[in-house]
(Lines give C-alpha, C1' and ligand atoms only; values in the text may rest on other atoms or scores of the structure.)
Protein backbone atom coordinates (compact mmCIF):
# COMPACT_ATOMS: atom_id res chain seq x y z
CA UNK A 1 0.00 0.00 0.00
CA UNK A 2 1.47 3.29 -1.13
CA UNK A 3 1.06 6.39 1.00
CA UNK A 4 1.51 10.11 0.54
CA UNK A 5 2.26 11.76 3.88
CA UNK A 6 2.69 15.25 5.23
CA UNK A 7 4.95 15.05 8.31
CA UNK A 8 5.56 17.81 10.86
CA UNK A 9 7.69 16.82 13.85
CA UNK A 10 7.88 19.30 16.74
CA UNK A 11 10.42 18.68 19.53
CA UNK A 12 9.33 20.22 22.85
CA UNK A 13 11.59 21.33 25.65
CA UNK A 14 14.60 22.22 23.47
CA UNK A 15 13.99 25.92 23.00
CA UNK A 16 12.52 27.94 20.22
CA UNK A 17 14.64 26.87 17.26
CA UNK A 18 13.88 23.44 15.92
CA UNK A 19 15.53 23.48 12.48
CA UNK A 20 18.40 21.13 13.43
CA UNK A 21 15.83 18.48 14.32
CA UNK A 22 14.04 18.97 11.03
CA UNK A 23 17.39 18.56 9.27
CA UNK A 24 18.01 15.31 11.14
CA UNK A 25 14.60 13.98 10.09
CA UNK A 26 15.22 14.98 6.51
CA UNK A 27 18.46 12.99 6.49
CA UNK A 28 16.73 9.93 7.93
CA UNK A 29 14.02 10.11 5.26
CA UNK A 30 16.60 10.53 2.49
CA UNK A 31 18.73 7.63 3.72
CA UNK A 32 15.59 5.49 3.69
CA UNK A 33 15.35 6.18 -0.03
CA UNK A 34 12.03 7.96 0.29
CA UNK A 35 10.92 10.70 -2.06
CA UNK A 36 10.54 13.88 -0.02
CA UNK A 37 9.55 17.48 -0.58
CA UNK A 38 10.29 20.03 2.13
CA UNK A 39 7.80 22.87 2.58
CA UNK A 40 7.30 25.70 5.06
CA UNK A 41 5.21 23.65 7.50
CA UNK A 42 6.44 20.09 7.13
CA UNK A 43 7.78 17.53 4.72
CA UNK A 44 5.83 15.58 2.14
CA UNK A 45 6.83 11.95 1.74
CA UNK A 46 5.88 9.34 -0.83
CA UNK A 47 6.51 5.62 -0.48
CA UNK A 48 5.37 2.24 0.70
CA UNK A 49 3.42 2.40 3.99
CA UNK A 50 5.85 0.27 6.03
CA UNK A 51 8.95 2.10 4.82
CA UNK A 52 7.45 5.52 5.46
CA UNK A 53 6.24 4.54 8.93
CA UNK A 54 9.61 2.98 9.83
CA UNK A 55 11.29 6.26 8.91
CA UNK A 56 8.84 8.28 11.00
CA UNK A 57 9.61 6.05 13.98
CA UNK A 58 13.32 6.49 13.41
CA UNK A 59 12.81 10.28 13.38
CA UNK A 60 11.19 10.13 16.82
CA UNK A 61 13.88 7.83 18.23
CA UNK A 62 16.67 9.95 16.80
CA UNK A 63 15.26 13.28 18.01
CA UNK A 64 14.90 11.85 21.51
CA UNK A 65 18.56 10.71 21.33
CA UNK A 66 19.50 14.26 20.28
CA UNK A 67 18.11 15.37 23.63
CA UNK A 68 14.48 16.31 23.08
CA UNK A 69 12.46 14.92 26.02
CA UNK A 70 9.13 15.33 24.26
CA UNK A 71 7.91 15.32 20.66
CA UNK A 72 4.51 16.13 19.21
CA UNK A 73 4.00 15.25 15.56
CA UNK A 74 1.21 16.08 13.16
CA UNK A 75 0.69 13.79 10.17
CA UNK A 76 -1.70 13.84 7.25
CA UNK A 77 -1.63 10.68 5.18
CA UNK A 78 -3.51 9.53 2.14
CA UNK A 79 -4.00 6.14 0.50
CA UNK A 80 -6.10 5.25 -2.52
CA UNK A 81 -7.01 2.09 -4.34
CA UNK A 82 -8.70 3.59 -7.39
CA UNK A 83 -5.45 4.65 -9.05
CA UNK A 84 -1.77 5.35 -8.59
CA UNK A 85 -1.02 8.92 -7.68
CA UNK A 86 2.28 10.62 -6.90
CA UNK A 87 2.93 13.86 -5.04
CA UNK A 88 3.70 15.45 -8.40
CA UNK A 89 0.37 14.24 -9.80
CA UNK A 90 -1.47 15.84 -6.89
CA UNK A 91 0.15 19.23 -7.39
CA UNK A 92 -0.25 19.02 -11.18
CA UNK A 93 -3.95 18.18 -10.96
CA UNK A 94 -4.45 21.55 -9.29
CA UNK A 95 -1.90 23.59 -11.24
CA UNK A 96 -3.28 22.59 -14.63
CA UNK A 97 -6.68 23.93 -13.54
CA UNK A 98 -5.22 27.30 -12.47
CA UNK A 99 -5.27 29.70 -15.38
CA UNK B 1 8.50 3.52 22.79
CA UNK B 2 5.04 4.39 24.04
CA UNK B 3 2.85 6.74 22.03
CA UNK B 4 -0.32 8.70 22.63
CA UNK B 5 -2.14 9.29 19.34
CA UNK B 6 -5.15 11.20 18.11
CA UNK B 7 -6.46 9.45 15.00
CA UNK B 8 -9.03 10.81 12.54
CA UNK B 9 -9.66 8.65 9.47
CA UNK B 10 -11.77 10.16 6.67
CA UNK B 11 -12.94 7.91 3.81
CA UNK B 12 -13.50 9.86 0.57
CA UNK B 13 -15.85 8.91 -2.23
CA UNK B 14 -18.38 7.06 -0.08
CA UNK B 15 -20.86 9.82 0.57
CA UNK B 16 -21.45 12.13 3.46
CA UNK B 17 -21.90 9.69 6.33
CA UNK B 18 -18.73 8.07 7.55
CA UNK B 19 -19.74 6.68 10.95
CA UNK B 20 -19.75 3.03 9.86
CA UNK B 21 -16.08 3.37 8.91
CA UNK B 22 -15.27 4.95 12.26
CA UNK B 23 -17.03 2.02 13.93
CA UNK B 24 -14.94 -0.45 11.93
CA UNK B 25 -11.74 1.34 13.00
CA UNK B 26 -12.85 1.34 16.59
CA UNK B 27 -13.33 -2.43 16.47
CA UNK B 28 -9.89 -2.94 14.95
CA UNK B 29 -8.28 -0.83 17.67
CA UNK B 30 -10.18 -2.69 20.40
CA UNK B 31 -9.30 -6.12 19.03
CA UNK B 32 -5.65 -5.01 19.03
CA UNK B 33 -5.96 -4.55 22.78
CA UNK B 34 -5.25 -0.83 22.59
CA UNK B 35 -6.64 1.65 25.06
CA UNK B 36 -8.92 4.04 23.17
CA UNK B 37 -11.07 7.04 23.88
CA UNK B 38 -13.57 8.18 21.26
CA UNK B 39 -14.23 11.92 20.97
CA UNK B 40 -16.16 14.18 18.62
CA UNK B 41 -13.30 14.62 16.13
CA UNK B 42 -11.29 11.40 16.34
CA UNK B 43 -10.12 8.66 18.63
CA UNK B 44 -7.31 8.85 21.16
CA UNK B 45 -5.11 5.77 21.40
CA UNK B 46 -2.44 4.76 23.88
CA UNK B 47 0.04 1.97 23.37
CA UNK B 48 3.37 0.78 22.08
CA UNK B 49 4.40 2.51 18.84
CA UNK B 50 4.50 -0.63 16.69
CA UNK B 51 1.16 -1.94 17.89
CA UNK B 52 -0.58 1.39 17.42
CA UNK B 53 0.88 1.85 13.94
CA UNK B 54 -0.04 -1.69 12.91
CA UNK B 55 -3.64 -0.99 13.92
CA UNK B 56 -3.70 2.26 11.97
CA UNK B 57 -2.50 0.40 8.87
CA UNK B 58 -5.17 -2.24 9.40
CA UNK B 59 -7.80 0.52 9.59
CA UNK B 60 -6.72 1.83 6.17
CA UNK B 61 -6.65 -1.64 4.62
CA UNK B 62 -10.03 -2.54 6.08
CA UNK B 63 -11.75 0.69 5.02
CA UNK B 64 -10.47 0.21 1.48
CA UNK B 65 -11.89 -3.34 1.55
CA UNK B 66 -15.22 -1.90 2.72
CA UNK B 67 -15.27 0.02 -0.56
CA UNK B 68 -13.71 3.40 0.09
CA UNK B 69 -11.42 4.22 -2.85
CA UNK B 70 -9.60 6.98 -1.03
CA UNK B 71 -8.76 7.79 2.60
CA UNK B 72 -7.23 10.88 4.15
CA UNK B 73 -6.16 10.58 7.76
CA UNK B 74 -5.01 13.17 10.26
CA UNK B 75 -2.84 12.02 13.15
CA UNK B 76 -1.32 13.79 16.13
CA UNK B 77 1.13 11.67 18.07
CA UNK B 78 3.27 12.29 21.09
CA UNK B 79 6.24 10.49 22.61
CA UNK B 80 8.29 11.45 25.62
CA UNK B 81 11.38 10.11 27.34
CA UNK B 82 11.32 12.25 30.48
CA UNK B 83 8.50 10.33 32.11
CA UNK B 84 5.62 7.92 31.61
CA UNK B 85 2.35 9.63 30.83
CA UNK B 86 -1.05 8.15 30.06
CA UNK B 87 -4.02 9.75 28.31
CA UNK B 88 -5.67 10.02 31.73
CA UNK B 89 -2.60 11.79 33.14
CA UNK B 90 -2.75 14.35 30.32
CA UNK B 91 -6.39 15.20 30.92
CA UNK B 92 -5.91 15.24 34.70
CA UNK B 93 -2.92 17.58 34.53
CA UNK B 94 -5.25 20.15 33.00
CA UNK B 95 -8.41 19.39 34.98
CA UNK B 96 -6.70 19.71 38.37
CA UNK B 97 -5.62 23.23 37.39
CA UNK B 98 -9.16 24.24 36.43
CA UNK B 99 -10.98 25.69 39.40
CA UNK C 1 -22.02 28.85 9.83
CA UNK C 2 -21.59 26.43 12.71
CA UNK C 3 -18.28 24.65 13.19
CA UNK C 4 -17.05 21.72 15.19
CA UNK C 5 -13.33 22.09 15.90
CA UNK C 6 -10.56 20.05 17.45
CA UNK C 7 -7.94 22.48 18.80
CA UNK C 8 -4.43 21.60 19.97
CA UNK C 9 -2.23 24.56 20.90
CA UNK C 10 1.47 23.85 21.53
CA UNK C 11 3.65 26.62 23.01
CA UNK C 12 7.32 26.27 22.03
CA UNK C 13 10.30 27.53 23.98
CA UNK C 14 8.70 27.29 27.42
CA UNK C 15 9.95 23.88 28.49
CA UNK C 16 8.40 20.48 28.53
CA UNK C 17 5.23 21.08 30.54
CA UNK C 18 2.50 22.92 28.72
CA UNK C 19 -0.57 22.24 30.87
CA UNK C 20 -0.82 25.77 32.30
CA UNK C 21 -1.17 27.11 28.76
CA UNK C 22 -3.87 24.56 27.98
CA UNK C 23 -5.67 25.67 31.14
CA UNK C 24 -5.47 29.31 30.03
CA UNK C 25 -6.96 28.39 26.64
CA UNK C 26 -9.71 26.43 28.28
CA UNK C 27 -10.67 29.45 30.38
CA UNK C 28 -10.74 31.69 27.30
CA UNK C 29 -12.99 29.26 25.46
CA UNK C 30 -15.31 28.96 28.47
CA UNK C 31 -15.55 32.72 28.96
CA UNK C 32 -16.48 32.99 25.29
CA UNK C 33 -19.49 30.81 26.07
CA UNK C 34 -18.38 28.05 23.75
CA UNK C 35 -19.21 24.42 24.33
CA UNK C 36 -15.98 22.55 24.90
CA UNK C 37 -14.85 19.02 25.58
CA UNK C 38 -11.30 18.41 26.76
CA UNK C 39 -9.59 15.21 25.61
CA UNK C 40 -6.11 13.75 25.84
CA UNK C 41 -4.80 15.43 22.68
CA UNK C 42 -6.75 18.67 22.41
CA UNK C 43 -10.08 20.31 23.03
CA UNK C 44 -13.22 19.95 20.97
CA UNK C 45 -15.23 23.12 20.46
CA UNK C 46 -18.67 23.73 19.05
CA UNK C 47 -20.04 27.11 18.03
CA UNK C 48 -20.48 29.77 15.40
CA UNK C 49 -17.45 30.13 13.10
CA UNK C 50 -16.61 33.72 14.01
CA UNK C 51 -16.92 33.17 17.74
CA UNK C 52 -14.79 30.04 17.69
CA UNK C 53 -12.11 31.68 15.55
CA UNK C 54 -12.05 34.79 17.75
CA UNK C 55 -11.43 32.57 20.77
CA UNK C 56 -8.62 30.72 19.00
CA UNK C 57 -6.96 34.05 18.20
CA UNK C 58 -7.33 35.13 21.81
CA UNK C 59 -5.65 31.88 22.91
CA UNK C 60 -2.62 32.66 20.74
CA UNK C 61 -2.43 36.28 21.94
CA UNK C 62 -2.79 35.27 25.57
CA UNK C 63 -0.19 32.49 25.43
CA UNK C 64 2.29 34.89 23.86
CA UNK C 65 1.58 37.36 26.68
CA UNK C 66 2.22 34.52 29.17
CA UNK C 67 5.73 34.39 27.75
CA UNK C 68 5.71 31.77 24.99
CA UNK C 69 7.72 33.16 22.07
CA UNK C 70 6.38 30.64 19.60
CA UNK C 71 3.19 28.63 19.19
CA UNK C 72 2.29 25.87 16.77
CA UNK C 73 -1.34 24.85 16.65
CA UNK C 74 -3.10 21.97 14.97
CA UNK C 75 -6.77 22.35 14.13
CA UNK C 76 -9.33 20.04 12.57
CA UNK C 77 -12.60 21.73 11.74
CA UNK C 78 -15.81 20.57 10.16
CA UNK C 79 -18.77 22.38 8.67
CA UNK C 80 -21.84 20.92 7.01
CA UNK C 81 -24.88 22.28 5.23
CA UNK C 82 -26.91 19.08 4.94
CA UNK C 83 -27.96 19.04 8.57
CA UNK C 84 -27.28 20.31 12.06
CA UNK C 85 -24.86 18.17 14.01
CA UNK C 86 -23.47 18.62 17.51
CA UNK C 87 -20.36 17.09 19.05
CA UNK C 88 -22.66 14.81 21.03
CA UNK C 89 -24.42 13.71 17.82
CA UNK C 90 -21.06 12.79 16.27
CA UNK C 91 -20.01 10.62 19.19
CA UNK C 92 -23.49 9.06 19.47
CA UNK C 93 -23.63 8.17 15.77
CA UNK C 94 -20.61 5.93 16.37
CA UNK C 95 -21.47 4.65 19.85
CA UNK C 96 -24.95 3.44 18.86
CA UNK C 97 -23.32 1.30 16.16
CA UNK C 98 -20.88 -0.28 18.61
CA UNK C 99 -22.40 -3.40 20.13
CA UNK D 1 -0.23 39.14 14.52
CA UNK D 2 1.33 37.40 11.54
CA UNK D 3 0.62 33.74 10.92
CA UNK D 4 2.08 30.99 8.78
CA UNK D 5 -0.56 28.37 8.03
CA UNK D 6 -0.77 25.00 6.34
CA UNK D 7 -4.32 24.54 5.04
CA UNK D 8 -5.87 21.30 3.77
CA UNK D 9 -9.56 21.48 2.91
CA UNK D 10 -11.35 18.19 2.19
CA UNK D 11 -14.91 18.31 0.78
CA UNK D 12 -16.91 15.19 1.67
CA UNK D 13 -19.81 13.75 -0.28
CA UNK D 14 -18.69 14.96 -3.71
CA UNK D 15 -16.84 11.91 -4.92
CA UNK D 16 -13.22 10.98 -5.06
CA UNK D 17 -11.73 13.88 -6.98
CA UNK D 18 -11.40 17.09 -5.05
CA UNK D 19 -8.99 19.14 -7.17
CA UNK D 20 -11.59 21.61 -8.45
CA UNK D 21 -12.35 22.59 -4.86
CA UNK D 22 -8.65 23.04 -4.14
CA UNK D 23 -8.44 25.27 -7.22
CA UNK D 24 -11.37 27.36 -5.97
CA UNK D 25 -9.66 27.80 -2.58
CA UNK D 26 -6.43 28.77 -4.25
CA UNK D 27 -8.22 31.50 -6.21
CA UNK D 28 -9.86 32.83 -3.05
CA UNK D 29 -6.51 32.98 -1.26
CA UNK D 30 -4.87 34.70 -4.24
CA UNK D 31 -7.64 37.29 -4.58
CA UNK D 32 -7.21 38.03 -0.88
CA UNK D 33 -3.64 39.04 -1.68
CA UNK D 34 -2.16 36.34 0.50
CA UNK D 35 1.18 34.74 -0.20
CA UNK D 36 0.58 31.06 -0.90
CA UNK D 37 2.60 27.99 -1.74
CA UNK D 38 0.81 24.90 -3.01
CA UNK D 39 2.25 21.52 -2.03
CA UNK D 40 1.18 17.90 -2.38
CA UNK D 41 -0.89 17.82 0.83
CA UNK D 42 -2.16 21.36 1.27
CA UNK D 43 -1.37 25.01 0.76
CA UNK D 44 0.94 27.12 2.87
CA UNK D 45 -0.26 30.66 3.54
CA UNK D 46 1.47 33.67 5.04
CA UNK D 47 -0.28 36.83 6.21
CA UNK D 48 -2.02 38.74 8.95
CA UNK D 49 -4.15 36.51 11.21
CA UNK D 50 -7.50 38.17 10.41
CA UNK D 51 -6.95 38.21 6.66
CA UNK D 52 -5.85 34.58 6.57
CA UNK D 53 -8.77 33.45 8.72
CA UNK D 54 -11.27 35.44 6.65
CA UNK D 55 -9.99 33.67 3.54
CA UNK D 56 -10.29 30.25 5.17
CA UNK D 57 -13.90 31.03 6.07
CA UNK D 58 -14.57 32.14 2.51
CA UNK D 59 -13.13 28.83 1.25
CA UNK D 60 -15.61 26.89 3.40
CA UNK D 61 -18.55 29.06 2.34
CA UNK D 62 -17.60 28.85 -1.33
CA UNK D 63 -17.08 25.07 -1.34
CA UNK D 64 -20.48 24.59 0.28
CA UNK D 65 -21.99 26.80 -2.44
CA UNK D 66 -20.23 24.64 -5.04
CA UNK D 67 -22.33 21.76 -3.69
CA UNK D 68 -20.24 20.03 -1.04
CA UNK D 69 -22.53 19.21 1.89
CA UNK D 70 -19.68 18.57 4.30
CA UNK D 71 -16.11 19.78 4.69
CA UNK D 72 -13.35 18.63 7.01
CA UNK D 73 -10.27 20.83 7.16
CA UNK D 74 -6.89 20.30 8.77
CA UNK D 75 -4.86 23.37 9.69
CA UNK D 76 -1.43 23.84 11.20
CA UNK D 77 -0.67 27.41 12.15
CA UNK D 78 2.27 29.11 13.74
CA UNK D 79 2.77 32.50 15.36
CA UNK D 80 5.87 33.90 17.02
CA UNK D 81 6.75 37.05 18.89
CA UNK D 82 10.52 36.60 19.09
CA UNK D 83 11.15 37.53 15.48
CA UNK D 84 9.67 37.95 12.03
CA UNK D 85 9.78 34.79 9.96
CA UNK D 86 8.48 34.13 6.47
CA UNK D 87 7.68 30.81 4.81
CA UNK D 88 10.86 31.23 2.80
CA UNK D 89 12.89 31.78 5.99
CA UNK D 90 11.52 28.53 7.43
CA UNK D 91 12.49 26.47 4.41
CA UNK D 92 15.88 28.20 4.13
CA UNK D 93 16.75 27.60 7.80
CA UNK D 94 16.57 23.89 7.05
CA UNK D 95 18.03 23.89 3.53
CA UNK D 96 21.17 25.79 4.55
CA UNK D 97 21.86 23.09 7.14
CA UNK D 98 21.54 20.30 4.59
CA UNK D 99 24.96 19.66 3.13
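As written, the chain order gives the labels A, B, C and D, with residue 1 at the start of each chain.
One rule holds for everything that comes next: contacts are C-beta pairs under 8 Å (C-beta built on N, C-alpha and C of every residue); 3 or more make two chains touch, one makes a residue touch a chain.
Quick caveat: nothing in here was measured; it's all calculated off a predicted structure.
*Asks:* More contacting C-beta pairs: B-D or C-D?
*Replies:* Looking at C-D and B-D side by side, C-D shows more C-beta contacts.
*Asks:* Which chain maximises the distance between its CA centroid and that of chain A?
*Replies:* C
*Asks:* Between chain B and chain C, what is the separation of their C-alpha centroids in Å?
*Replies:* Centres of chain B and chain C (C-alpha means) sit 18 Å apart.
*Asks:* Centre to centre, by mean C-alpha position, how many angstrom separate chain C and chain D?
*Replies:* Centres of chain C and chain D (C-alpha means) sit 19 Å apart.
*Asks:* Just give me the whole-number Å value for how far the CA centre of chain B lies from that of chain D.
*Replies:* 25
*Asks:* Residues of chain C that touch two or more other chains: which are they?
*Replies:* 13, 16, 69-70, 72, 74, 76, 78, 80, 82
*Asks:* Along chain C, where are the residues that touch chain B in the complex?
*Replies:* Answer in residue numbers: 4-6, 8, 16-17, 19-20, 22-23, 26-27, 37-42, 44, 46, 74, 76, 78, 80, 82, 87-88, 90-91, 93-95, 97-98.
*Asks:* Show which residues of chain A lie in contact with chain B when the two form their complex.
*Replies:* 1, 13, 49-50, 53, 57, 60-61, 64, 69-82
*Asks:* Under the touch definition given earlier, write down the residues of chain C that touch chain A in their complex.
*Replies:* These residues of chain C touch chain A: 10, 12-13, 15-16, 18, 69-70, 72, 74.
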